[in-house]
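Two complexes, one shared chain (subunit A), two partners (subunit B, subunit C).
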Partner chain A sequence: MAIDRNKVINDLSKLKVSGNSEGLIPAFGVLVNQFPADFWNSFSKKILDAAGDDLHDAAETLLENAAGECGYHTGYGIITSEEFNSVVGPMIEEKPEDVLHGAYGVFTAWGWANSEITELVPGEKMVVRAYDYYESDMPGTKSHCAYMIKGVSRAFMDLAYGDAYPNGHGKFKCEQTKGLETGDKFAEFVVTKA
Partner chain B sequence: MQIVEYKDMDDCFDGSFMKSAVLSEPMTRECIVQLGQFGELQFYESFSRPFYRLDIAGKMIVKGIQDETRIRIILNRDDVDANLASFEEIIARLRNTAPQPAV
Partner chain C sequence: MTTTTKTMQTSQGSKIQFQPNQQFDGKKMRHYVNGQTSVLHCHHYASLFSQLADDAQDFQGPKLLADASCETFGQVLCDYFKKNNVTDTCDRIAIAEQYCVFSGMGEIQFQFGPNSGTAVMSHCHVDEGWVKKWGQRDKPVNFIGQGFIQGCWGAIFDRQPSECKVEETQSIVCGAGTSQFTINW
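Presenting the complex of A and B:
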């Protein structure tokens, strides 16, 4: 693996992130925003609470799917961005595997989740570990709730091994097998073909 | 310097205010520094491929990599046409003053 993860994180962390006059951050082909983690956690929590027991699984699926959509389109924007090309581009020797490793460097540097790939079988399987992520702070949860990392991870595999963008979405699925929110030392996500 | 062409970007907005342009010559360090007179310039020379970003409040954000001809523009949506015209004016005013290598 040719990606120097620490250098990716260090370099990208230097970039100043600021909103425009509309309070939005235009980047990676989408409009990104910056809210406190508590906002997003309470957003998800309220959806799950409002869904109740009968619709809990469906609400979880929708939250994960929102992250999957975001991860697919924003992820494509990230790996084709000037920032990525500047910092990660020179390290890439093998595509798409090094691109995937670099994408988790970006994911970490910009505060979505301190995460990395621990196992990668090209085109088949990816295992991701996360050591810190905002969803683990969701109040009152007793089960795995890292919907964002789940959705984004399968979307990254879609980008790497699915049909060319924008036609490759939905080819992989992701299961969360460990989580800080359930007392594990790290969270783990296993992505396989759907 | 001139703009040779605009290329569509795969974004969520049909390329309406985020654009990619190809310049007539690479954006040299000298040209990047000149961008600083038009707004707030961030220039990360220590990156493997030096990255620059110019913020012009209320008008646009311009991003690119040193010595490349591709440049990204994110226009303020208030007046896309006027802001695009401003971008073209800026590019036209850039001059590569660095000594050219002998042929």
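Presenting the complex of A and C:
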């Protein structure tokens, strides 16, 4: 692997973000917001509790889907951005594998999850580990709840091995097999073809 | 107009500046803004959360999203006011407006009278993001903004946010030039 993860994190974590004069943050082809993580966790928890047993799975799917679309569209904006190309670009030897490794460097640097790829079978399977992530702060959770990492991970595989953007979304699925929120030392996510 | 201006509380005249303390923890790999874990998300994510809330009308989805927003952002402002000893109402309104801009939620202006007030958003992350993703719709969807305003009101006046009612009366997502909210207590 040619990607120097520490350098990616070190270089890109320095980014300071704030709204422009209109209160908006246009970046990577999308509008970005910078909210406290508690807000996202709070709504996820409230909607899952309100959904009850009957609709719990459906609510989980929709939360993951939100992250899937976020990861697909914003992920594309990130890996084609000037910031990504200037920091990660010179390290890329093999596409799309090195791009994927670089993307998890960005994912870590920008505070979504301290995560990395631990296994990658090109076009087939990816295993990701996360050592810290804000979703694990969700209060009162007894089951896996890293919907954001799940959705983004399958979206990253879509970007790497699906049809060319924007036609490749939904070709992969992701299962969370371990989680900090369930007492494991790290979270693990297995992405395979849908 | 003079009478109205005298009885209305706004940020006008305040010189206070919101000071974000942005830090990155290289061990946990988390970003913090004024001590709170902060995360970047895009309009796709915000739109799909808003849609999920809207689809969940049967179990008060819009209220749940507004409550999450109210509780979170209200606490952010309460903490900021306390830590920085911001006690003047005019200054508090200014900080709330500036925090809205900083967070990327949009541009907002508050006006508060004795028992009611208004909030006008000339730019709005939720509405403009929704339009960018799906186009206009015929009813408001900015439950996040509604909760934000309620949380701001509670923090500014040291009151329980549940004591006020916020209603969106005009929306960018419906094609209006600004989003407008009434606040009653």
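As a convention for this text, the second predicted complex is superposed on the first by the 193 of 194 C-alpha atoms of A that agree within 3 Å, B and C clash if a C-alpha of one lies under 4 Å from a C-alpha of the other, contacts with A are read in each partner's own complex, and residues count from 1 in each chain.
Following the convention adopted for this analysis, contacts are C-beta pairs under 8 Å (C-beta built on N, C-alpha and C of every residue); 3 or more make two chains touch, one makes a residue touch a chain.
The structure presented is a predicted model; accordingly, all values stated were derived computationally and were not measured.
Peer 1: Just from the overlay, do subunit B and subunit C fit on subunit A, or is there a clash?
Peer 2: Partners fit side by side after overlay.
Peer 1: State whether A:108 touches subunit B only (first), subunit C only (second), both chains, or neither.
Peer 2: Second partner only, subunit C.
Peer 1: So in the superposed three-chain picture, is A:87 touching just subunit B, just subunit C, both, or none of them (first/second/both/neither)?
Peer 2: So A:87 only meets subunit B here.
Peer 1: Using the superposition on chain A described above, determine whether A:177 touches subunit B (first), subunit C (second), both, or neither.
Peer 2: So A:177 meets neither subunit B nor subunit C here.
Peer 1: Touch test for A:132: subunit B only (first), subunit C only (second), both, or neither?
Peer 2: The answer is second: A:132 touches subunit C but not subunit B.
Peer 1: May I ask you to decide whether A:62 touches subunit B, subunit C, both, or neither, giving the answer as first, second, both or neither?
Peer 2: second
Peer 1: Centred on subunit A, what angle do subunit B and subunit C make, from Cα centres, as a multiple of 10°?
Peer 2: Roughly 70 degrees separate the directions to subunit B and subunit C.
Peer 1: State whether A:143 touches subunit B only (first), subunit C only (second), both chains, or neither.
Peer 2: Touch status of A:143: no partner.
Peer 1: Is A:76 contacted by the first partner subunit B, the second partner subunit C, both or neither?
Peer 2: Only subunit B is touched by A:76; subunit C is not.
Peer 1: Is subunit A touched at more residues by subunit B or by subunit C?
Peer 2: Looking at subunit A, the partner in contact with more of its residues is C.
Peer 1: Does the superposition put A:11 against subunit B (first), subunit C (second), both, or neither?
Peer 2: In the superposition, A:11 contacts subunit B only.
Peer 1: Mind working out whether A:22 is in touch with subunit B, subunit C, both or neither, as first, second, both or neither?
Peer 2: both
Peer 1: With both complexes placed on chain A, how many Å separate the closest C-alpha atoms of subunit B and subunit C?
Peer 2: Between subunit B and subunit C, the minimum C-alpha distance equals 5 Å.
Peer 1: Which subunit A residues contact subunit B in one complex and subunit C in the other?
Peer 2: On subunit A, the residues that contact subunit B in one structure and subunit C in the other are 14, 16, 18, 21-22, 30-31, 73.
Peer 1: Report the residues of subunit C in contact with subunit A in the complex, numbered from low to high.
Peer 2: Contact set of subunit C toward subunit A: 20, 22, 24, 26, 28-31, 33, 36-46, 48-49, 52-53, 55-56, 59-61, 64-65, 67-69, 71-73, 75-76, 100-108, 122-123, 125, 128-129, 132.
Peer 1: Once bound in the complex, which stretches of subunit B touch subunit A?
Peer 2: 9-13, 17-18, 42, 44, 46-51, 53, 55, 57-58, 61, 63-65, 70, 72, 74, 76-78
Peer 1: Where on subunit A is subunit B touching in the complex?
Peer 2: Residue list for subunit A touching subunit B: 11, 14-16, 18, 20-22, 26-27, 29-31, 73, 76-77, 80-83, 85-87, 89-91, 165-166.
Peer 1: Note which residues of subunit A are touching subunit C in the complex, please.
Peer 2: The contact residues of subunit A facing subunit C are 9, 13-14, 16-19, 21-25, 28, 30-40, 42-43, 46-47, 50-52, 59, 62-63, 65-67, 69-70, 73-74, 108-114, 132, 134, 137.
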